[in-house]
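Heads up: the structure comes next, in structure tokens.
Chain IDs A, B, C, D and E follow the sequence of writing; residue 1 opens each chain.
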Amino acid sequence: SKLHAEEFEVKDIRVDGLQRVSAGTVFSAFPVNVGDEVDSVRLVEASKNLFKSGLFTDIKLGREDNDLLITVVERPSISKIEIDGNKDISTDDLMDGLKSAGMYEGQVFQRVTMERLELEILRSYVAQGRYNASVDAEVEEQPRNRVAIKLNINEGDVASIKHINIVGNSAFSDEELLDLMELKTPGLFSAFTSDDKYAKEKLSGDLERIRSFYLDRGYIKFNIESTQVAISPTKEDVFLTLNITEGPLYTIRDIQLKGELIVDEDEIRRLVLVKEGDTFSRRLLTTTSDIISRRLGTEGYTFANVNAIPEPHDDNSATVTFFVDPGRRTYVRRINFRGNVNTADEVLRQEMRQMEGGSASTNLIETSKSRLERLGFFKTVTVETPAVPGSADQVDVNYSVEEQASGSLSASLGFSQDSGFILGFNVSENNFFGTGRRVSMGLNTSKSVKSARFSYLNPYYTVDGVSRGFSVFAKETDFDNLNTSAYILDTIGGSVTFGYPINNFSRLNFGLTATNDKLEAGDESALEIVDFVNENGDNFDNLTVDLSWTRNTLNRGLFATQGLSQSFSTNITTPQISDLQFFKANYRTNFYQPVDRFHKWVFRLRSDIGYGDGYGDTSELPFYENYFAGGMGSVRGYESNTLGLKGTQSPTDSSAPRAFGGNILIEGSAELIFPIPFVDDQSSMRTALFFDAGNVFDSSRDYNPELSELRMSTGISFQWVTAIGPLGFALAKALNDQEGDDTQIFQFTLGQNF
Amino acid sequence: CGVVRDRSNDYINAERGDAIVVPDWYRSSAIESRYPIPPIDKRTSLPEQYVLPTPPDATITILTENYVIEKLDSQSWLLVNETPGRIWPSLDQFWEENGVRVEYENPRLGLMQTEVLGSTLLSKQLLSRINLGGATADRPLLIQAKLGQGVKRNTTELQVRVLDVKSGPQDFKIWSGQPNRRVAEEKLLEIISSYLENNQSYRSYSLLANDIGGTSKVSLISGQNERPYLKLDLAFDRAWSSATKGLRGANIKVVDRDRSGGLFYIDYGREEESEGWFSSLFSGDDSDRPEYNYILRLEEVEGAYRLTVDKTDGDITRLEEMEILNLLLDNIS
Amino acid sequence: CSSDDDEQEPMELEDFDEEIEVVKVWEESVGDGNADQYLKLEPIIIGNTIYAIDHFGVLAAINTADGEELWEAEFDEPVSGALGGDDNQLYFATYHGEIIAVDRSGGMEQWRVALTSEVLSAPVSNGRQVVVQSIDGKVVSLNAQSGEMMWRYDSNTPVLSLRGTASPVITDEFTVTGFANGELVAFQNITGSPVWNAEVGIPKGRTELERLVDIDGQPVIEDDAVYTISYQGKLSVIHLPTGKEIWSKQQSSYTGVDLGFGNVYVSTSEGVVVAYNQTTRSEVWRQENLKFRQLTTPKAFGSTTVVADFEGYVHFLSQIDGRLVGRVHLDSDGIRSPMIISGDMLFIYSNSGDLAAYKIAL
Amino acid sequence: CSFPGVYKINIQQGNIITQDMLDQLKPGMNKRQVHFVLGNPLLDNVFDDTVESYAYTYQYAGGKTKQQLITVYFDEDKYTHYTGELLEDNPAY
Amino acid sequence: CASTPDPELTEKEYYDEAKAAIDANNFSLATKNLEALETRYPFGRYAEQAQLDLIYARYNNIDLEGARAAADRFIRLHPQSPHVDYAYYIRGIASYNLDVGLASQYFPAVDVTSRDPGEMRRAFDDFSQLLTRFPDSDYAADAEQRMIEIRNRLSEYELHAARYYLKREAYIAAANRAAHIVKSYPNTSAVESALTIMIETYRLLGMESQADDALAVLAANFPDSDSFDDDMKFKPSEIQKQQRSLLSVVTFGWFE
């Protein structure tokens, strides 16, 4: 049934050789219909179209009087793909690569795609410096027109860099330039960091670093003439040679500003970081350009574009011209939030400093982003400002957040020898049901402590951030087994607090707390307690006024890496109304300074200074208001609340003397926060090396603060924020513990983030 | 106390607001719901407590065996677990191998009629196999076969008639509902059934026979001598919204549309000139390039809607038509 | 469970019956040789003095006959290219990309010129001009007396190349050298304009590795024919005046070639020593017991062909059929610099700086 | 002592229009040209496309809000005139 | 070192085992069998049914992402199958429930409309495809009702933003949010309040004609809205000046 050249009218079309592909697919991909007049040219064209479907390895056209016969051979489908021998590139990445090229189980197998993929995988290995890697695919025929593919990969080993040589450098030494580079000749840690392994991307990164190193130090004409990468015949060693020409050192002759400045010229001139005579520095110029465009951004020109063009002259000086193009004044049409599945829209929107329908300002958008981060409800906050399609001067601002647990829930049922059965239920949530309100409540009973508390705070009672909150608490503590001197104290009370922002970072808070304390000094109580009770009685009603000022510029609510938070708070009992007259004042600071660009290494300083004293007819700070020190959150390495003077024992008390605290607290710690190796998602963990120092002193027993008296310790701490709350562990070594101090090597807390 | 309640069924009493009526002297074109809900035909009442529906059982369509002869009072037919498009060519093959020439064929009705049997040795053997050989050899006989869509999807029903005819040239007889020679016809069905069963490898499909029964709602008709068009077997607003959806799915830029005229003005297949504010600054407001280069027309023909495409300047080539319509077909929902 | 094919494991040395007796005439130590760098600091013989320089700039002149040191000079330079020289001056180059000329009588520095990149091969001089090739594919000719630039040639270098470059060979009229892109080019000595350009290695294959075609050995010229060989390319014999290829063989080596006894000797990149007959152009013999021992350029010496390896063994093969006839051991740090023959003496400078002279006892 | 009150941020809303923008308006311009001169109006108008409002408000530290409204009139998509006058200054933040 | 693959069953055996597992609510076993059937007999007679059951099994195995992926695959492989409407429907249901948090499902106090609907937007598109292609599917009614709820929820989200801006006294932002509701969510529960907000903000901004337009539309569509007193006069209700002075907060509003 040879195909005749001349035309004929198709009566029917028959397809032979189909196994899996449906006849419909063939008919729709073969643009010829029953009743069509066809000639060989049109048929060839049609069969080419059918071939394009990629489903068939072979298509033959035949003719039986007026029936058109299409005989096809289907491509086999892939039944299984196996990959082995790969270590450096994960199997999933390889599978994804195959999938994106249309090679996955059930799909049609195309040999040409297979070869292309082999080449691509090989090339990605070579790019990683694995020069003697080999990739080959075995295709095994299987029944029912299927094929199984086995990809054998031999990664070979990575050529290590044996020699890096820079030719043509005179202004800076080889060591200085080599130090900039990520690629190194094998050093001590190369087995871990594998920085001696050659990779093309790393080389281009290094070249860029060297180039900006020179351009930042005045060498405008610096140029990398050529780089050679050579390999030893055994393919194990790589030799890098960089040939550079430094060119002369340039200084800046003068600075010119061109384009529409929007802001007056001398304000812009003040922002320029370089002046006549300075050595030329590209980094300073690009930073200046950023500063100017951000300044224009605040004026509403978010699409401002500023760039510095140096014009070298032959007397080794250069004129720098800043071209300022403000673009159009832009407005924000809508602010959208994505990802706040549990947190209400208002909780995010009330942090916004940028208004919808207002002139767009880059720093208002940035401040809003850091305010969201400072809430501590979100693991990550990202912002983009896409232009609104169809309008040249409007943008949308899209914040996408990733929520994280912002509180702790702990129910404890335990037993310890000294406080017997412990039953506790504590929940504290800073974002109560996503409403942004802070709620915490606790019920705890044990032999030594029975307490109940409830507190509520609405940080945004008014839209400006005036906060209002209240709390009630009742507590009965038998101190004798809390390694503090023995007495029983029953307290009940409540407080109401208000607070309001006085500027972007600081707040003023004030409130009233009414308490009733009942004291019972047991026969084992320390003498100081007995004296106090004799002097002041054992039942006090106090109304204290609490005033505090806080200022917080931390960049994140949880695990900050930059910024400073300080708070100065005082609480004074009101003279006439309260039975006791005393005051306490505290100054706390928390300072973070990132070491590297990615904030992986952060230096932290924490300090906490407190002083309390009686006034009027109360001679000293009531002992139960004493500060305590030691333990987690204070001076690690010492048992909690055991630092400072001990209470003088009553003659009848046989047990060891117990800590009594003091009215002066001095405490601080310095930490180096470091990334945990081999763990990639560290957003909810933090490890740090720490040095703690601190103690409590007691002016009334003239145990006054001295440096030598400060107990010190060092060690390593680990914090992990889990769904039920923050866990804290610390391994600490007390440095100058003196006789009588109770040290503890391992300490942990649940539910207390600090 | 209502504090804790499973709310996953509350969606039942969400009510649909009715469209805003805008007093006629206002412009209302700005109002266009971004979340239109397509109309549905089947309105069932919703249970209070929602239960995830189990998947429909499509296995009933899988026959236990592939070739079954079924009888219902006098009628008998062969049920095959294959589409008619595939059985038709196999049947051709069967006649050929039994030396019988097919005189008349009407694939659209699935009807075949053979020549008078007995003219070849093979056809004589066939006659004897359905015990009509020997004594009755002289009387002229021919066979009619009728293929139809099975009750279940992708299945075929085959019936045969052995007809007594007068000698001489025959015409294409009308298919008779009643069997003629029942015993011979049933025997013939068995023979065909076993033939088909051990010729499964012969898998040839016929385009004509493929259409026996059943077509889909949206199809691309590209007859040889007429312009290709998308046939939308839908009411106007369903057709209009499917076309809109198709255009959006194929992300073809719709510059303007005229719903009453059934027209879409689209800008397709041109490099996206950089439309930054620079160009509007210098090239004045009406840039020389016309906003759209193709027009899609939705018009009603014989009860169904047709979507054709035309070019604004110059006449459109068949390739362009097929390209745009195929792109739309893939994305129409 | 895919078994790692044991590619490229150096073969163990088998014993054989000695047929010749090799005598060490003298041995001197000159600095630290190639130190731990991957260098080939080949010494040079001018007249009856052999000059050798090590990686740290220790230059010694030694009498070829008795190994007496005539003079020694110290240069505080990271020497990377082997010694070149002519009647009155010696030349060597450093990692800093500088070529330094010293006078041949006492090693006094005459001039020094900065080049564009590292130099790993020996400059060559014909008394009037010095031609030096740096690893960025550039060839520079300097006036021998003043060091003034005469001409310069740039060749395009591939993204990845084998470590090492060829040193040019200079005749009265032409300078010929091979490049990392597999091309052999001849230059007019005075003007430096390229006379012809022969493709010895043609890059083929899928990855940068498979496309390596460096020519790293120094070409050898013998009566109007240039013998050279490229890595993963060809052993080619090119007609010097016209640049036409006379004959060639599919072969691969990253060292040079030598002629002797009517044969061309090659040690391939897989450590097989092969001899081809110059006239019949067919393979005469091949020695396969030294596979993957990183062999140096073979040298025709007396009736033998000599080649040294990475463990410091020097193997003497019979020029007739390539069988092992003699072996000595010089320095277990290995021998990588090409050996030199002058008269009936063989001079070897080992990786850790031993300079030895050998003779074959008749 | 002047006790620090509640810090209230400034609220700026609406298009910032200047006199030289208004001077560029010429009757007969179409909407695109008007938008090019004045910028896109931030206030969506839903029901009436013959008028566009360029409103501007500025509330300093939660205090009184000063307002400005420029209404631009069109006839069949052709600019006719505008009403309203500008405040002396209209800061952006 | 190649692990020994478990024995290869016939197509029907895999299917029957999966069917039994589903009936016994052992959905992880069912998923394992169905996935094995699909890879070994990608084009067998049971392939279509297996892929359908896989959607159901994965959903009940609390693997909503997997159910969605299985539905996508079914739609791509069997566009003509009469049961493809089930795939569209379950894909929608999976997206609908993907982001539903514990709190928002069981605590009515949590106003779910002010949270990001997350994948519900995608659920709306999936259901919309179902309704467009299969208006007569028996899942259409349920899908439609969910679409109505999603749409209402989206419009309420806009209303929250509008009301915040009223409190923030950013009246242009509030007006735009309200206008956006009227323009893009014309047939939802938030339209009435949106119109009221438009009227009040336009009046405040001095845009009398626009305010009247909005009032006319409100009257036309919501004659019995409680913004009208009995003789149809408009009573502003949305804008309430918040007491933002410190004194009022401290004194619980007694003193301004």
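Things to note:
Methods note: contacts are C-beta pairs under 8 Å (C-beta built on N, C-alpha and C of every residue); 3 or more make two chains touch, one makes a residue touch a chain.
Here the structure is a predicted model, which is why all the values come from computation and not from measurement.
In terms of the stated touch criterion, the partners common to subunit A and subunit B are D, E, listed by label.
With steps allowed only between chains in touch, the distance from subunit B over to subunit D comes to 1. Number of steps on the shortest path from subunit B to subunit E, with steps defined by chain touch: 1. Summarising the inter-chain layout, the chain whose CA centre lies farthest from the centre of subunit B is C. Set side by side, A-D and A-E show the greater C-beta contact count at A-E.
With centres taken as mean C-alpha coordinates, the chain found closest to the middle of all protein C-alpha atoms is A. With centres defined as mean CA coordinates, subunit D is found 83 Å away from subunit C.
Centre to centre, using the average C-alpha position, subunit A and subunit C are separated by 57 Å. Annotation: 36 Å between the Cα-based centres of subunit D and subunit E. With each centre defined as the average position of its C-alpha atoms, the distance from subunit B to subunit C rounds to 78 Å.
Multi-chain contact residues, meaning those touching two or more other chains, occur in subunit C at positions 1.
Multi-chain contact residues, meaning those touching two or more other chains, occur in subunit E at positions 2, 80, 104, 107, 109, 168-170, 172-173, 175-176, 180, 182-183, 213, 217, 244, 246. The residues of subunit A that reach two or more other chains are 24, 328, 333, 355, 357-358, 392, 462, 464, 466, 500, listed in rising order. Chain pairs that touch one another are A-B, A-C, A-D, A-E, B-D, B-E, D-E.
By the touch criterion given at the top, residues 15, 45-46, 48-49, 52-53, 55-56, 59-60, 80-83, 86, 89-90, 93, 97, 100, 104-109, 112, 124, 128-129, 131-133, 135-142, 144-152, 154, 182-189, 191, 213, 216-217, 220-221 of subunit E touch subunit B in their complex.
Note for the complex: subunit D touches subunit A at residues 4-9, 11-16, 35-36, 39-40, 42-43, 62, 92-93.
The residues of subunit B lying in touch with subunit E in their complex are 2-8, 10-12, 14-23, 26, 30-46, 50, 52-59, 62, 153, 216, 238, 241-242, 245, 333. On the subunit A side of its complex with subunit B, the touching residues are 11-19, 23-24, 26-28, 31, 33-37, 328, 392. On the side of subunit E, the complex with subunit D involves touching residues 168-173, 175-176, 179-180, 182-183, 198, 205-207, 209-210, 213-214, 217, 244-246.
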